[in-house]
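Step one of this worksheet: look at the structure below.
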Amino acid sequence: MHVTDGKAGRQDRPGKFYNGRIMPTALVIGAGDSLGAALARRFAREGFETCVARRNADKLQPLVEQIAAAGGKAHAFGCDARREEQVVALFERIERDIGPLEIVVFNVGGNIRFGLLEMTAQKFFKAWEMACFAGFLSAREAMKHMASRGRGTLFFTGATAGLRGGEGFSAFAAGKFGLRALAQSTAREFGRQGIHVAHVVIDGPIDTPFVRERLPDMVASRPADGLLQPDDIADTYWAIHQQKRSAWTFELDIRPWMEPMTTF
Amino acid sequence: MHVTDGKAGRQDRPGKFYNGRIMPTALVIGAGDSLGAALARRFAREGFETCVARRNADKLQPLVEQIAAAGGKAHAFGCDARREEQVVALFERIERDIGPLEIVVFNVGGNIRFGLLEMTAQKFFKAWEMACFAGFLSAREAMKHMASRGRGTLFFTGATAGLRGGEGFSAFAAGKFGLRALAQSTAREFGRQGIHVAHVVIDGPIDTPFVRERLPDMVASRPADGLLQPDDIADTYWAIHQQKRSAWTFELDIRPWMEPMTTF
Amino acid sequence: MHVTDGKAGRQDRPGKFYNGRIMPTALVIGAGDSLGAALARRFAREGFETCVARRNADKLQPLVEQIAAAGGKAHAFGCDARREEQVVALFERIERDIGPLEIVVFNVGGNIRFGLLEMTAQKFFKAWEMACFAGFLSAREAMKHMASRGRGTLFFTGATAGLRGGEGFSAFAAGKFGLRALAQSTAREFGRQGIHVAHVVIDGPIDTPFVRERLPDMVASRPADGLLQPDDIADTYWAIHQQKRSAWTFELDIRPWMEPMTTF
Amino acid sequence: MHVTDGKAGRQDRPGKFYNGRIMPTALVIGAGDSLGAALARRFAREGFETCVARRNADKLQPLVEQIAAAGGKAHAFGCDARREEQVVALFERIERDIGPLEIVVFNVGGNIRFGLLEMTAQKFFKAWEMACFAGFLSAREAMKHMASRGRGTLFFTGATAGLRGGEGFSAFAAGKFGLRALAQSTAREFGRQGIHVAHVVIDGPIDTPFVRERLPDMVASRPADGLLQPDDIADTYWAIHQQKRSAWTFELDIRPWMEPMTTF
C-alpha cells in the first residue's frame, strides 16, 4: 500500500504509525453503496485509514471487507448523521481511537420528488434534515477538530438541485441549496485557517441499481460511461484533495460527457 | 379609496362587494414593523382588504389602526408561521371569512450570525424554520387556494444571504438559499398555472430602529435614502404584482443606490 | 399629456419648458418595431420628449407619427450604434438641442445562431459589435452627460443568452454576456454617483412578426399572452425608472407566464 | 519520460511514434512566462509533445530549452491569436507536422482597468479581441480538428472578471464574460461529441513579477503560497484532462487558500 501525505510534508503530517508508516485518516459520512463506497475505496487505496459511516453499520460490512481485501484499512460506524449527539460522538471517537482526520466527506443524499401540494411538512423537514442539517453537524464537528491543526479537506457532495429548484424538487432543492450556502460560509470562515472546503456538484445520474431500475429507458439510450461512474467521480475528489493550498478549488461540477448541462 | 383590479379584468376578479365595490384580498405573513407593515399599507391603499399576520397579534394593532385611519381595511392575525396547523388555519379562515387571496407575501426574517463553532443545532434549526420551512408552509397553503383559480401573486422576501453564504451566516444563508430554491420550484410548477411567483432579493440594510441602533457608524455615513426605505421597496412589490402575465418577473434585487452590489 | 418628473422633485428636474411645462428627455437606441418602439411610446406617454435611434432613420417615421398622434413628442435619429463618432454625435446633439437625458435605453439586438464550425470571424465580430461594443459606446456617452448631473436611468436590454451560452449561440451569447458585464461594471462605478443602471433579462420570445413567422408551431401552441407583449415589457422598464434611489433594482428577468425558466 | 495516454486506451490514442513510444500533442496558446509556461512544462513532463504559441516566438526560447533540458519535447510558434489566418495556420501546421492535438489551452490574458469615461473604443476592442475573439478562433480551429476524432480536451483560462463585472473592468470583464459564454456554448455542442471543454476560473493573483511589482503590499502581507503558484494551477488542469468522460468537469474556480471568495 502506497502512503501519501495528503496536504503537507511528511514531517508535520498527522496520523499514526502502522508498521513504521504513518496513515492519515479519512471519514465518509453517508457511505452508501455507490459514490460513498467509491470514495472510501479510493482513500483507502491512497493509504488512508478510512472510516465509513451510515445509519445501519451492518450494511457497511461488505465495503469494509472489500477494502481490507485490497490491502486497505477501514472501520465501519453506525451513525444517524441527523442526530447531533451521534455525530459529535463519531468525530470524538475517530479522533481519539483512529487518528486525526485529514479528509471528511459529507455525502448524505435525500432526494425526493413531489408536487408542492403533495409535499407534507414531514417530508419537507426530512429532506432538509438529511441534505442540510446533517451537513451542518458534520461540518461543525469536522472544523472543531481540524481548525486547530490548520489542515484537512472537507467535501460536501452537492447536486444539480443545489443550484436549480426544479419542479417537484422544492424539498430536496431547499436542502441542497442550503448545503451549498453552508459550504460557502464554511469555506469563507475556515479557508484562511488552512482548511480546504470543496462543494462538488453532481450534475447527472450516477450509475446505481436504483437509477437503472427507475430510469431504464434513459440508461438503455446511453453507453456505460454515459452515466456517472462512482470510481471516476472519486478520482476528482482525490485530485481536489491533492491541490496545493496556493491553488484550491471551492466548487466544480461533474457530469457525464453526454449529459445536458443544467447548472449553467 | 381607489380599487384596483390586480391581475385581470373586473368581471372575473375574485373579491367581495363592499359598498358596491369589489375588494380583493392580500396577506402579509411576517408583518413586522418595517417592510411587512409597508407592504400592508401599500396593498390597503391600492384597495385590498389586507390581512397581516405575525406571532403576536397584539403588536399588529397600531398597523391595523394606521391602515384604517388612512381609509383602508385591515385584519390582524396571530400566527406562528412555523406551525403547520396555524398556517393551514390562517389561510382557511381568510379564504372563508375575508375573501379569495390575490396577493400573498412571505416576509418572515430570521437573520442570525455566529461562527460555525458557536452555532448550536437549535439555532441552526430555528433559522431554517423561520426562513425556509415557514416559507414552504405558506407557499403550499397559498397554492392550495390560488392554483384552482389560476391567478394571484406569491412573493418571497429574499436577502443577500439567499445568494451568498457569508462568513458567520451558515444558518441564515442555508435558510434563505432554501427559500430561493422553494421559490424557483414553486414558480416552475405554478407559473404555467397562472400564478405569479416572485423572489425579491433585499440586498442592503433596511432603515429600521434595529439597524440604526446596531450599525450607527454606517447609518451616520449615509444620507437617509442610503438605507432601504420600506415604502420604496413596497413600490416595487406593487409594480411586480401589476405586471401582465405576458411579461412576468421571477427575481429581482433591491438595494440603495450607494450600496455595493454583493449579489453579482 | 401628463408630465411626470422622473426621479426627483420638480425644482431640480432637468428638461425644457414647452407651453409652460417641463419635459424630460429619453433616448431609445435600437428603436426597432417591437420592444424599442413600445418603450418610446411609453416614455412619450409619460411626458418625455422621446428620441429614437436606429440605423435607418426612415424606418422610424411611423413610430414618430404614432407618438405625435397620441399627443407625444418624438424625434428620429439615424445612427449606427457601432460607430463611435455617430454615437458621440447623437448624444451631443440631443443634449444640446433637445434636453438633458433622463432615460437612456440600449436596446440593440443581434441574435444569430450557427454551429461553431460554421461561425465565421466576421459573424462573430458583428454579433459582438451590436450586442456589446455598441452598448459600451452608448453607456460611456450616457455617463459622460448624466454623471455630472447625478441623476438618470440607463437600461440595458439583456437576453437569456446573457446568462446562458446555449448551443449555436457562441457569438450572440458572447456579446450578451459581455453586455451584462458592462452593465455590472457601469452600475458599480456610477450607481453611487446617483445613476440608476439596470439590466433587463428578456427570457422568452417577444411577439413579433419575425417570431410568428419563424416559430409558427410554438406561437400556435400558446395564447396571445404566452408571448412577451412589448407594451407589457415597457411597463416594467417604466416601473424600474420610477424606483426611488433608496431601493433600486439592478437586474430582473421578464418572461411569459408559461415560459420555462431557463436563466435559473 | 513517462508517456501517459490521455483520455483513452493506448490502442486508439492519436500521436506519433518516437523511439517506439507514442507522444500525444498539446498546444498552449498564450504561453506567457507564468501560467502558460507552467502548463507547457506540465504537459511535456506527462509525455506530450508540447506546442507553445505567443505573439513573439523569440520569447518562447527559454521555455523550449527548459522543457528540453528536462527531457521533454517542445515547439515554439509565433502567432497573434487575434488574427484568423494565423490561428488557422497554426492548427493546420501542428496537425500536419507534429501530431493530432489532444489538449488545447486558450490562455491569452488582456487585463486592463480604466474608469468608463477613460475607456477608449480602441482599448475596449483590444481587450475583447484578446480575451474573447482570440478564444473563439482557437476554439473553432480546435474543434475543427478534434471533433471528427471524438476526443481531446479544450481548456479556457477564465478569471474573476468572467463572473463579476467589477468597477473599472468593463472591457476586461466584457471579454472574459464573453469567453465564458463561448466555453459554455462549445461544451454544449461538442461535449456530446466526446470533446472535454473546461473553463477554469482563476480567482486570485498569480505569483508573477508583474503582480509582485504592482501590488507589493499585498504580496508582502502573504506567505508565498498566498499567491497562486503557476505549477500548482497546472496540477489541476492536468487532473481535469485526466478525468474519465463519465465524470467531466466543465467549470471550477482556483484561488489561494487565504483569498476572499469573490465569484460566489
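All chains are identified by letter, namely A, B, C and D, in their written order; residue positions are counted from 1 within each chain.
Just so we're on the same page, contacts are C-beta pairs under 8 Å (C-beta built on N, C-alpha and C of every residue); 3 or more make two chains touch, one makes a residue touch a chain.
Everything quoted here is computed from the prediction, not taken from an experiment.
The chain pair with the larger count of C-beta pairs in contact, out of A-B and B-D, is A-B. Centroids built from CA atoms put subunit D at 30 Å from subunit A.
Chain centres here are Cα averages; for subunit A and subunit B they lie 36 Å apart.
Centre-to-centre, using mean CA coordinates, subunit B is 47 Å away from subunit D.
Shown for subunit B are the residues in touch with two or more other chains, namely 164-165, 184, 188, 264.
If you sketch which chains touch which, every chain touches every other chain without exception. Put simply, subunit A touches subunit C in their complex at residues 164-165, 264. By the touch criterion given at the top, residues 84, 115-117, 119, 121, 124-125, 128, 132-133, 136-137, 139-140, 143-144, 147, 161, 164-171, 173-186, 188-190 of subunit A touch subunit B in their complex. Interface residues of subunit C, counted against subunit B in their complex, comprise 184, 187-188, 191-192, 194, 196, 207, 224-229, 232-233, 235-236, 239, 242-258, 260-261, 264.
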